[in-house]
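What follows is a pair of complexes built around chain A, which joins chain B in one and chain C in the other.
And now, the complex of A and B:
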């Protein structure tokens, strides 16, 4: 099914490859400030794609995905600073495995009690989980959440750190998008779609709903954790407040909604628009930019409830071959 | 008679005080079309919910092809080869007719299959080929019912549980659904039908089971059932004996 999925989405894949080449070359031409903006874009877009695996495909909106950013970041930071394995690259890999592993375990443990909750109840339960983890992290001294942790520098000495992290985010983004695409076009993705449309009917058709939801949740958590770990290294120093951030949880949904929920191109488009708007355009209107952002969102939700792609895709007639963005 | 494909023994379902299904035993012969009839509230839908694993039984056992299936998850039962279509059609609303049916072919009974071929065949059998690209929500009740059937057929079931496929349809549409069920049977699928349209039931069924207030009160061939006084009493009530004024 993967091969068939690649065939039917070839136009989107070509578009993605062109974008990838452009993104790979971009740091050569960009000013340092713009590299930072581009980093933020890659981070935001990838987070939104990771969130989409559960929230967009299966319709299980998590309001607390920052739990995995924070958990991944802190587990990796604690492991890397405690063991200080040489060389630095290996230390990073070990931290990455520990951090993403912790996210996988947490998601698998949470799946049984809270993935049975439907709709808004699951969303709120995840919000609660992220709040609880953030508070624990901040208040239990062993986690160093309030004191903060300085992460080991992993950028090689001769490489400009901002460009280094930019490429790290780019690789993570490609991995995330690739994984999400593989889910989307295979049995798992179709099963998740059936769950989103009508979970009882899906089960009646033979979709192993609990197993599929758990798989989607764990994958989404691992990818989110991976991104959180890279983000932590790019920051260099983290506290609970810098990685357990409710605005991360909310922003990923804004990106997905803005671009087109349930699609993969949508969250990327949404993240691009929002990052450019907030960092470059509205940054000049410091007093009013939150107001303008909010108003814009209200307008889009009212005028194009399926997001920009939901509005545009039928006009492009790209969906005729069964491929959706 | 060959081994029944579905054998239910002593099946009981209690909801708090109410006994929805009371000690029901039936055997559905392989390759037949059987009907389950009875007045509203007789326990027909509960019976389907028990067989598909949607509800756990309070007592009794359910065997499919000789194998116990009570207690299995709903999706496992579907993978073994039992498909159900609902009285109130439950399409995947945002998907096209084609994608709805394809979902049945992708999942359904376990085992290798050519998804596109199965999908096309099921669409054709239900007479939906021309509407394949329409969104499911745009269909009328009659076509939704066919979509429900097509998706169940695409699951390649061994046993199809059809819950009032003719409810709310006009005589022509009913005739078409009955025709679809006959073709399904010709493909080797056993059909268990819940239906209120007695003309359809009498014409299509090999064997009829009658439920009333959760219990089986009669079973047999259609013309015997039509004359059975217990059945008539269940549907129409017994004549009130003349009492003191």
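And now, the complex of A and C:
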């Protein structure tokens, strides 16, 4: 099924490869500030794609994905600072495995009770989970959430850190997009789509809904955790407040909704537009920043309820070959 | 013993305020299935309006409740008919939630611009009177806040169960299609419900202003509180909101007393998640639609 999926999406894949080459060459030409913006874009887009695996394909909108960013970041930070394995690269890999492992375990444990809830109730339960984790992390001294943790520097001495983290985000982004694409074109993705359209019917027709939802949830959590760990290293110093952020959870939905929900190109497009807008244009409007973001959100839902791709893709007539973005 | 009684009384007083602040959220959720993430900011608009009346005209905060309710009723009606209904029609219920979130961001920013991000509080001349009843100390402010909450909730319950418009609202909540077939103008009813919800949120804001200081970022807190109250008590009924609010008040004061002042939020969300899993319809089980 994967081979067939690759064949039917070949135009999108060519487009993605061209974009990848452009992104890989970008740091050579960009000013340091723009490299930071590009980092943020890669991080946001990858988060939105990871969220899409559950929220976009299966229709289970998580309002608390920041739980996995925070959990991954803090588990990795605690492991790395307490063991301090040499060399630094190995330490990072161990931290990464521990952090993503913790996310996988949490998602698998939560899956049984919480994925039984539907619609708004699932959304709110996840919001609750992220708040509980964030508050516990902040208030239990052993987790050092309020004090903060300084992460070990992993960029090699002769490499410029900004560019190093840029490429790290790029690799993570490619991994995330690859995983999401693999889910989308295989049996799992079709099953998730069936769940989104009508879960009871899907179940009746023999789709193993529980197993598919759990798989999507765990995969989404692991990818989100991985991104959170890289983000934590790029920050260099984390507190609960800097990684358990409700605005992460909400922004990924805005990106997906703006670009086109349920697609893979949509969240990336949405993240690109929002990051450029908020960082480069609205950065000057400190007082009314929130107002403009809110107004934009309202405008998106009212004017383009199916996202930008919902309008653009049919115009391009790329869907003739049966592949969706 | 005295500590337990005092904690209980404090919790109940706080809970009365929570109930009143949540009833509007509960109504909207129950009647039109819309999760109004701008509910908290409406509560705060009520508080700031009352603050404005008190500062410029010297109106007593309890007397400012009727005008605040009237203003917010009109705003709520327009908000529903002009924006939320359009969002529901054009896309989905979940998308309408994003619209209310966007509006909450905008209004919060406006409040900061108009009233500054500083904490404000309303202190009428009688603010520092208190009584000692047996072993328990209660101040007049809190007593009047609890009484006002109870009176307003009872009025709403009467309106919903004893008047014609109340019956129409309950019918629409049960099945909007059937209500429409019986000649109910469903959109108008939605507008009225939203107006009532905003009015009661505003009233709770006026009361919250005399009980505790407030600032624009608090709105998140009030929205989430409303959600917890509704999940605890049950959707769409004043009695459910009252039960949920009182429980939440007692739980949060007891948690900060017994475990530590940093933990009421943790406890609140744990209870929220557990309640969603065990009894998603709320304790009084009045959900209009199931969660699973």
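Things worth noting here:
Throughout what follows, the second predicted complex is superposed on the first by the 325 of 325 C-alpha atoms of A that agree within 3 Å, B and C clash if a C-alpha of one lies under 4 Å from a C-alpha of the other, contacts with A are read in each partner's own complex, and residues count from 1 in each chain.
The definition used in the following text is that a residue touches a chain if its C-beta (ideal position, glycine included) is under 8 Å from a C-beta of that chain, and two chains touch if they have at least 3 such contacts.
If you're wondering where the values come from, they're calculated on a predicted model, not measured in any experiment.
After superposition onto chain A, the partners chain B and chain C occupy separate space and fit alongside each other. Using the contact criterion defined above for the overlaid structures, shared-chain residue A:190 touches chain B, although it does not reach chain C.
Touch criterion met: A:209 reaches chain B, while chain C stays clear of it. Taking the Cα centre of chain A as vertex, the centres of chain B and chain C in the superposed model span 80°, given to the nearest 10.
Touch criterion met: A:200 reaches chain B, while chain C stays clear of it. Of the two partner chains, neither chain B nor chain C is touched by A:155. Counting the residues of chain A touched by each of chain B and chain C gives the higher count for C. Contact with neither chain B nor chain C is seen for A:174 once the two complexes are overlaid on the shared chain. Contacts of A:298 after superposition: chain C is touched, whereas chain B is not reached. Looking at the shared chain after the overlay, A:114 reaches chain C, while chain B stays out of its contact range. Between chain B and chain C, the smallest C-alpha to C-alpha distance in the superposed model amounts to 13 Å. The intersection of chain A residues touching chain B with those touching chain C, taken from the two complexes, is empty. Within the complex, the chain A residues that touch chain C are 61, 113-114, 116-121, 123-125, 127-129, 131-132, 135-136, 138-139, 246, 250, 253-254, 257, 287-291, 293-298, 301-302, 305-306.
Those residues of chain C that touch chain A in the shared complex are 35, 83, 86-87, 90-99, 101-106, 108-110, 113, 220, 224, 227, 231, 260, 262-263, 265-266, 269-270, 272-273, 276-277, 280, 291-292. Of all residues in chain A, those touching chain B in their complex are 187, 190-191, 193-194, 197-198, 200-209.
Those residues of chain B that touch chain A in the shared complex are 52, 54, 73-75, 78-79, 83-84, 86, 90, 92-95, 103-104, 106-110, 151, 155.
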